[in-house]
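Shared chain: chain A. Partners: chain B in the first complex, chain C in the second.
And then the complex of A and B:
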């Protein structure tokens, strides 16, 4: 029956559910040289991989907070198409606590914006990377982060870079997922895994448990 | 992965019942769980409508969840699986023409079409904070999360139940509005038989609706249709409606015999039918039908 045809104009549009990801990256002086160069390259590849996926490019929203001397927000959450990431420079101490505090504030603010705009969102992700130890108080914010992770309000991925990274400190931020140590300077492999993981979540449907790709090729055994 | 949604209706008599369930992608046997959920809900609401309609909404939720999970537990035992592997949502609408009993558990949407012909939200999605968190019928405290209403049917013309996949195209979350497409779909039930509408729905869900989502898309429709509004050339639809709610096979046979006689405006009564029986059927037909031009 020809009259029983639905037209696209009779349907509604809803925004794609978002996956907010905050990268909290150590840019202290000890990251100078090959580590920061590899980190910058890995970041570029990460953005390129997300942009290459039809769904993830509209779903993933990335913010970057760095801690090198001071903790600062480098990029805010927005569509990845409108973001430009310039090279990060290494300098100063390791104020990890302040940086994670900024990251948590950004994530909370973004969730509020989603709610106000009627946008669905997946569990936010916090990626914490460091090659050293915090040089300022970090315990209170680690407690807050751990509580969010325990309540499944936040997925925390803590990665140590090099032998100087203190995984016991990172473990305080990530009680549900043990911290791992990056194999050498394989930032590229890590960000490739991260883009595949974000893409997997972006492409999932409600009620679906999303198995992440195994973290192989970038962690030490 | 097969479609994990399931739908079921009971419309051969009153009450009329429709149910739809969306199996959770994370649960291994959710397709089976969705089928059990809709079959159980339809059976329970059809067989115990009057008793259920006298319960408070929470009592209805508890009765439905208890019955569905009992059936799921049986299936789980047979399959050597756990209850949670059969996780699915559940929506239902049941009416005896006077009272409406409807409910929703999970992230589906139920809409009601008012006398102005516009559908509005009856139940909006209920889920956790995050997009992939919902409340399946197998979850602890499921009945407490089920939204239920018992109220007079009033002038409601129709209902639509749709899974979250279909909701991406049929429900605008921020404005809390139902898409015009839902009224179009309900209108189809005045133009064609349920079989034809089902085929057309399958085309639409597999076409323009599924373009909006990667999830399964399912929809169930209930529409009050007045015989008088069905044009004479829709003979198959008229036949379906004539056959609706037959009290007996004799009643149905007499109804069809009376139609043939009445449409010709013939004098007397059909062979084998008493004058009083024909008068009753003729009065019903006159109330619900427009006599086809040229037949009298």
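And then the complex of A and C:
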């Protein structure tokens, strides 16, 4: 069947409230070698974990934007079952600002699709991962992101990879939740935590803090 | 010797007979005496099909008594005095009479003939369960001395026997829990060095030792284990061992509800230094959310289900809830993750430690089941009301009828909590048209519900008058009967609106006119210069939607609006050559010739939804 039709059909026929998650991932040249390999493996495991959980499978929706040389959308939101995971390659500079800008657009667009169709959704999540410093202007986008987070219209999780990651920059994107540094290259542990956290959202009492699992196993303390 | 039992005859009396009464030596004489009286008052003896099944299954010395019981029934049948109700597999043997009595106690006066003192006590206790409405009168009697003798509350209690497994009746149930003042919940924790884990031993209140043999799952509060004694044991995380909750669990364990479907705490467990969790009976099945509330999972796990199975499931879920509610116990956090479904007539209520019980509040709850006035409230500092419970129950009923779809989902909606607070119920009822009805199959499923279901649901979600579990049971049983008789559609996933025939249309005040596009005759309810039948109307809508879809910007082409954003002309490189074939198409695509014209496909799909 036509992609457009299929996408629409799976949107309206699934009654589950969605949690749109946009992964905004650094694929710049400095990620080459073990980091990008571990990131790719972590992504594979992330998809596998979500597909294996009957709650996450029908509530989580994932889009991926990468920034390495250029900012670019790798996958758009659709049913997890139909999403293929692509191997990412590391190359070029770190246009983080542009990437987050694309991510915000994608999330905004998806929210509009939910609204128009009458599909319930939770506020979207933005996962921002970088191992360095932005190589192009990023402040205006950081401001917009921070405002959305402050208004509780977006949950931001900012993660630094390696010692070169500038957590002060990441903090500008994530005012409500301090950025954390990944412990070594434990992408797998992080994505495992993320897949469990997505499920927790749809199972939480309003007004109470979402009981996310403790971020043990992948953060440096 | 107490005086013989005076049957409270009247047109509203319903007489039920239990297995034990039919098997009592001398029962034949008692029923011979009873028969002419039943006849004189135009009554019948109501016997559940399952009682007959039970009698037929008995062997040995009990088999001889059972055979006599069956002969009694045969004589009643020949005289037209027997009414067999239910089916072989409906609901729980253990709680059948209780369930029936809870449901009908407002409508009829009810008499149960049974030798089982515990069962008698259980149904008699429904007389004083602090019900909001007046109960017509519940009576219990036993076969004795060629006639009947009445059970009285206290006597039945004293006579409480240990019942043989598999025999109908109910386990002991306490009378109504009196209303309580809020028990303030404190953050004080039970102090333990470590909480037990897999392989460790815990002991229950009676000192019996249980080993945690298998991990069943871990949640936000702790872990559940299967024990070597065949029970389930929940062990709390050290930072969730609230003393007030452990006290509530001890209270619950001392007041069993005796319903197989309710995984009630049977004992708090401790290690040497303190209390760490509680024991409950084991359950089976899959979470409602993971088995029924998403179409692919429903089709996967219950491929043969039709609408009637959903209605039966709703009845099976609401029965134990109605019984708890009738005793003043509120579930509070009703949701599709703590109801396990093994079949449409075997369900289990789990996570009972969160129930509101004897003044201990239920501190959690989730949209869309949480009533609108509860958002922003401190749930641990208040007691829920029966209305809050009724809202959750009504929402559950809606989401069983339109599997998984929350009642307040609507076009323009947002997150589940905001939708409940906005309170816009979008579906059409009677003359009122639907407004902002969610896209997809939901309107069809709604349209196929019988009118009385729609009106009751609309009363809940538009007029704000939620119905409790007992009231819903009446309505659902009526729906089940209508389905059994073929009066209403049994389609699980209808793909078109319900069509009325000519007679129905005229009766409902419509006109029977030809469609101006295809000529087929159909029911028209509002004057229209160019009347179109559903199919043709749907086609027009589909064509319009398809035009809009085709004109809308392709969502897969989002680009950064930042002026400095360089545009990548080539697709992202694959990390390894073998991943290359899976690479996504470069955005924006120089549209390759599509195998199917998208517009045609969209029209086809939307038209298929309208039939």
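The definition used in the following text is that the second predicted complex is superposed on the first by the 199 of 221 C-alpha atoms of A that agree within 3 Å, B and C clash if a C-alpha of one lies under 4 Å from a C-alpha of the other, contacts with A are read in each partner's own complex, and residues count from 1 in each chain.
By our rule, a residue touches a chain if its C-beta (ideal position, glycine included) is under 8 Å from a C-beta of that chain, and two chains touch if they have at least 3 such contacts.
Since we're looking at a predicted model, the values are computed, not measured.
*Asks:* Of the two partner chains, chain B (first) and chain C (second), which one does A:136 touch, if any: first, second, both, or neither?
*Replies:* second
*Asks:* Figure out whether A:153 sits in contact with chain B (first) or chain C (second), or with both, or with neither.
*Replies:* In the superposition, A:153 contacts chain B only.
*Asks:* Of the two partner chains, chain B (first) and chain C (second), which one does A:97 touch, if any: first, second, both, or neither?
*Replies:* second
*Asks:* Using the superposition on chain A described above, determine whether A:14 touches chain B (first), chain C (second), both, or neither.
*Replies:* Touch status of A:14: both partners.
*Asks:* In the overlay, answer first, second, both or neither for which of chain B and chain C A:4 touches.
*Replies:* The answer is both, since A:4 touches chain B and chain C.
*Asks:* Between chain B (first) and chain C (second), which, if any, makes contact with A:44: first, second, both or neither?
*Replies:* neither
*Asks:* I want to verify the contact counts: of chain B and chain C, which reaches more residues of chain A?
*Replies:* Here the partner covering more residues of chain A is C.
*Asks:* Go through the superposed model and pick first if A:83 touches only chain B, second if only chain C, both, or neither.
*Replies:* neither
*Asks:* In the superposed arrangement, what residues of chain A touch both chain B and chain C?
*Replies:* On chain A, the overlap between the chain B and chain C contacts is residues 1, 4-5, 8, 12-14, 17, 55, 117-118, 120-123, 203-208.
*Asks:* Along chain A, where are the residues that touch chain B in the complex?
*Replies:* Touching chain B from chain A are residues 1, 3-8, 10-14, 17, 55, 117-118, 120-123, 153, 203-210.
*Asks:* What residues on chain C touch chain A, complex-wise?
*Replies:* Touch list, chain C to chain A: 220, 289-290, 293-295, 297, 335, 337, 363-368, 370, 375-377, 379, 399, 402-406, 409-417, 419, 426, 436-442, 549, 555-556, 558-562, 564-568, 572-576, 579, 582-584, 587, 594, 596, 598, 601-602, 605.
*Asks:* Enumerate the contact residues on chain A facing chain C in the complex.
*Replies:* Going through chain A, the ones touching chain C are 1-2, 4-5, 8-9, 12-17, 27, 36-37, 40, 54-55, 58, 66, 69-77, 84, 86-91, 95, 97-99, 101-102, 105-106, 109-110, 113, 115-123, 136-137, 141, 200, 202-208, 211, 213.
*Asks:* Using the touch definition up top, name the residues of chain B that touch chain A in the complex.
*Replies:* Residues 22, 24-27, 30, 87, 89, 107, 127, 129-134, 136, 164-165, 168-175, 177, 179-181, 184-185, 188, 191-192, 196-197, 200, 203-204, 207-209, 211-216 of chain B touch chain A in their complex.
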